[in-house]
Amino acid sequence: MRSQNRGSLDLRNVHIENQYLKHPEGSVLITVGNTKVICAASIEDRVPPFLRGTGKGWITAEYAMLPRATETRNIRESSKGKVSGRTMEIQRLIGRSLRAVVDLEAIGEKTIWVDCDVIQADGGTRTASITGAFVAVAMALHKISLEKKWTTFPLQDFLAATSVGISQSGEVILDLDYQEDSQAKVDMNVVMIGNGEFVELQGTGEEATFSTSQLQEMLDAATQGIKQLIEIQRTALGEVATLIDQVVKKQS
Amino acid sequence: MRSQNRGSLDLRNVHIENQYLKHPEGSVLITVGNTKVICAASIEDRVPPFLRGTGKGWITAEYAMLPRATETRNIRESSKGKVSGRTMEIQRLIGRSLRAVVDLEAIGEKTIWVDCDVIQADGGTRTASITGAFVAVAMALHKISLEKKWTTFPLQDFLAATSVGISQSGEVILDLDYQEDSQAKVDMNVVMIGNGEFVELQGTGEEATFSTSQLQEMLDAATQGIKQLIEIQRTALGEVATLIDQVVKKQS
Amino acid sequence: MRSQNRGSLDLRNVHIENQYLKHPEGSVLITVGNTKVICAASIEDRVPPFLRGTGKGWITAEYAMLPRATETRNIRESSKGKVSGRTMEIQRLIGRSLRAVVDLEAIGEKTIWVDCDVIQADGGTRTASITGAFVAVAMALHKISLEKKWTTFPLQDFLAATSVGISQSGEVILDLDYQEDSQAKVDMNVVMIGNGEFVELQGTGEEATFSTSQLQEMLDAATQGIKQLIEIQRTALGEVATLIDQVVKKQS
Amino acid sequence: MRSQNRGSLDLRNVHIENQYLKHPEGSVLITVGNTKVICAASIEDRVPPFLRGTGKGWITAEYAMLPRATETRNIRESSKGKVSGRTMEIQRLIGRSLRAVVDLEAIGEKTIWVDCDVIQADGGTRTASITGAFVAVAMALHKISLEKKWTTFPLQDFLAATSVGISQSGEVILDLDYQEDSQAKVDMNVVMIGNGEFVELQGTGEEATFSTSQLQEMLDAATQGIKQLIEIQRTALGEVATLIDQVVKKQS
Amino acid sequence: MRSQNRGSLDLRNVHIENQYLKHPEGSVLITVGNTKVICAASIEDRVPPFLRGTGKGWITAEYAMLPRATETRNIRESSKGKVSGRTMEIQRLIGRSLRAVVDLEAIGEKTIWVDCDVIQADGGTRTASITGAFVAVAMALHKISLEKKWTTFPLQDFLAATSVGISQSGEVILDLDYQEDSQAKVDMNVVMIGNGEFVELQGTGEEATFSTSQLQEMLDAATQGIKQLIEIQRTALGEVATLIDQVVKKQS
Amino acid sequence: MRSQNRGSLDLRNVHIENQYLKHPEGSVLITVGNTKVICAASIEDRVPPFLRGTGKGWITAEYAMLPRATETRNIRESSKGKVSGRTMEIQRLIGRSLRAVVDLEAIGEKTIWVDCDVIQADGGTRTASITGAFVAVAMALHKISLEKKWTTFPLQDFLAATSVGISQSGEVILDLDYQEDSQAKVDMNVVMIGNGEFVELQGTGEEATFSTSQLQEMLDAATQGIKQLIEIQRTALGEVATLIDQVVKKQS
């Protein structure tokens, strides 16, 4: 039996508390089961060197865990003096995912900094970060859009992420908690937009492999999970969700 | 007029949410006005090299801010690859302060790791960290004391901290918020135990000086502020506060 | 038209020079079009701390580029004092992939170090590294197996990798060179074993998305490309290939 | 009995050798008992970014020990690749202290670099550094003042520092040597200007506390010690001391 | 007997494969016995700060070994996060040597980056690097000279390097391989130009010394070895060698 | 004319103040013209890993400059977080030189740490460091030899170093000061033992070359300079010099 009595294709309880912090342009506390992540979006009025003069903006993400977000205490990366490979992989994933839906030309030469800080970890921190960060970024874009009087909201669609895997017993399971993740034969992170297309797909068999039909089954599970996550984002965003819906409608 | 309509010798609103996180042995979210700090205490079953074989324990503290805890975004210390002088100064202060009240011989060869992570900053983050960390450490010690069946609780007294300063107009003010702090002529951090004795006193005139009588006035303000903070700790600690009171009584 | 007059689903010319260096237990120079990578496998008689005493071995990979492997010179990571996120991502991928086919229990407490050094880069360096590293590791395992007189060769199957993507014009293309890769809408790396199952799947739309049917088309292209790569590995390995075939037969 | 037969409120022998080095604008070798520090002041014609365009100058201090300044050899901070928390704390203290008496507006956009290098350590190295650095800075300011033909000398008062503490036996002692410092229950560093006002007060009970009356007794001891140190600075400065006296007179 | 049946004053087999890589302006693979080094020369259109505005160019060299260039695997300097003293010493030597023959005024404000990457090591890697790098630099200069239509080729003479030493038995030996080098009493690296004058001489007795007459004998051996190396460079350079000969003739 | 009216083959004024510091086993302040270096020798009762269990000792040297030892202030290597190539080169040279005369077998598994800290720099800091460090090491060895009751003193000969060069006008000059060094065409450092044999020879033509006869002339100049330096060492060492003379006599 899975934690919280859920079935193999059920998400954990998800909650997004919008406008969680005072200073950032957008910020949320996202809770996915026992996983809790603070996602903050900050707008900076300049871009990295490779974009200067192009009129195009950028999104960059950073990810970290509090030392005691986990069962046993982790050494801070600032104390170690370097960022781990795992952290780099995750922050690159978050940044790439968000860049798929933000209209970087529209925002002009600005950088959106996304900070995902895991307060409590129980599996799925990278996908929770993406799901939460989307809301923070949308709020931050809304804040500038009020000043800029843009005619089109610069977000092309909703974006959310979840994990899916194959358990030791060979069953496809959705939204793995830490214990499930550490025992799974295959682990896959799926990032998807509102129209059901993929942004990222990262499937890994650690000392194991998976077939085409297993892949299909996992993708189906992820797709329905992400649909539910987007509904939760919609609620958290309130009116701002409507702005995104308008953009989606206009495109189709 | 000060923020929240308070008088020159008033504390801001203070709240301590105990048992804030799932994993650490002790953890709180302390709120002092708009300043919010997560303090977690972790117990590790070994000590730094200089204490091995002495039978004595240790407390070490780490302090950090989320990048967007502040008005403008700060670069992460993990990205910079080194911890700033300010951070080091603060974490050494937190560690030293707590060591004044924990009975390090009694806990044996264990290290208590104290992590203070500032979620939102508005002045007084180091003193809020000390006040909050005390509660987290007390909870963690209580947790081990249950296993160890100690006859005496290894905390010798309450411990809390606040800041006090002299404003541009020459007035002594208690518990400075960020704006007050950045304009003050003199800034002093005071760490005190339940019996009113000092653990740490750090007074600084940045491009200014202060007299003996001003010092006395600041210490009086700090003393009454700390008494109030200890009452708030007492409430947050519940029954664990009684254990500390018993130790204090036994000593006198 | 693609470089070397190839069709959209053709691999570039691939060559594996086995036993390229004098010192390593296994080493190859793999050439994929203009991409050239030296892959070396070294055996060390100990394992990382988390495996000590378990009787199980480990594989760890490192990846680097010569500064002038690329069109314009890159700063050395040793000069920068840190390894980039991209490098970390790649070396973690190479290590994980190889661990899927090496029988880590069978080799005992040994670490296989895999060094992939890109001499010349023209796209697909990470997948060329995996395809070449597999041969180097097989040779190194063969070298120890002669001393150890193992009854079963500790490689469970062949393993190779390639990239596949969707071009600006929406066409699925196999084995992207640098120019194709930098213009592609979607880029996917596929790592597969001899029996056609996946080890890793990493699909990314940088500022773009892809549908389920596009995914299927890309996977089909990758599958047939990897079959060809395994035939080239087989030739390079000579007699050692037979040992792998025997293991595969025994399993089925 | 204390070293050198001194009473509890006596300073050790103090000597300041002015113009110790050839290159710096100001430099001294200060000797306090067995503690010896070279203090050099260098003038640089630019300021840190946060002051550019403000017309205001800056003072920044660095502190280090030779590896064998101490009883047992210390590893160099350059070899360790990072500066310790203790060093950072000390250099921040030295810089802040000097900024309290130098008229940063008057000097214009210049940085005064203060380097305090401990040649031999026997307690009180940070306070000796401040006392010596004041003389080096005064000499350097004198050197520029000759070129600039300033009408007012940009030093507002004398500045010196000493330590004071409470011994194991509960006695207040002035100017602790290394052995006294390592056994003291309370240790306090006091930085004061010529008119008797405080610039910095850092009192610390390591695993101990102190009362208001003990604080007062320590401050009295420090005050009379600092008066003596200022007389020694006056002698070392010769005519330059007169320039400071004139400024002090004009203010009152 | 020495490896490859050579006499005490014989070089090992030396081969220089010119235009080894596709991207760099000049590149070679130099083989000296079992030592193999890839040398690449890159031209960058700017100079370090200390040369800006002087109209003068610069040459800077970097040196590294693949981890498994050696008998046992070396940890990458990028993983260690710092470059070793040995590496720094070697890259400074290569840079200084090349600067002796390149006309830095003539090339204008350009930097020539020289990358020497040891693929396989068996002694003499630093001297092989210099000998190979000279050819790569000559090719790169030739490439720009075609664009620039310089009347004089900006290389003043040939440049090559070898090692010489005194064996345990007291014999002078030329071009030491790894085993000879690790047992030699004295080890000397000699860098020389075509006219027989020295550019660098670095003689070291590790736990041993050498006399003036031994020095003379070693220098004679090195001189004749370097003459042979220059002939091999000449062959590799083809027509470009003629350009250097013309410059040498014009000078005399 | 050279500084201090000296002829082209004259040393500057040299003075060695023995037993300069209180804590180290051996320490001197060596003055060579305006160059001043503190050399300290510390004995540690263990050796680096590669010597453990061999019964043999080790000498390792570190070199640094105070930031304002030079005309303009240098950034501390501890602030930069890494040691420069120049520093590494120098400290390797000092260590190697001293290892040529210390009987590492005789001292057993001890490390002699040599710290050379340049207080004031005016050219020749590395050779002054070697000449001074020899005296500090001799004193430190004498100190242990008293405890150990060794029958033979573990120093095989005197050791000193100087620089020699070729000026712009083509003249051979001895013991170059900073200005001479920065203008010289050729610069050579020579380390020699008491019997006139070489330990190290490092000759460099920065953008210049030198002939065999110029080399000979430079070596002659260095030889007579070093003889004088050894006499100055002898005076500084007092009775300890006699112990070295006895060892030299016994060997011949």
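Chains here go by letter, A, B, C, D, E and F, matching the order in which they are written, and residues are numbered from 1 within each.
In this text, a residue touches a chain if its C-beta (ideal position, glycine included) is under 8 Å from a C-beta of that chain, and two chains touch if they have at least 3 such contacts.
Remember, it's a predicted structure, so these values are computed and weren't measured experimentally.
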Which chain's mean C-alpha position is the greatest distance from subunit A's? F
Could you state the distance in Å from the CA-based centre of subunit A to that of subunit E? 52
Separation of mean Cα positions, subunit F and subunit E [Å, integer]: 29
Mind pulling the subunit C residues that touch 2 or more other chains? 81-83
Quick one: label the inter-chain contact graph as line, ring, star, complete or other. ring
So, starting at subunit C and moving first to subunit E, the ring lists as C, E, F, D, B, A
Sites on subunit D touched by subunit F in the complex: 21-24, 27, 34, 38, 40, 42, 44, 62, 64, 66-71, 73, 76-83, 87, 113, 115, 117, 119-120, 122
Going by the contact rule set out above, which residues of subunit E touch subunit F in the complex? 82-86, 88-89, 91-92, 96, 99-100, 104, 188, 193, 195-212, 215, 219
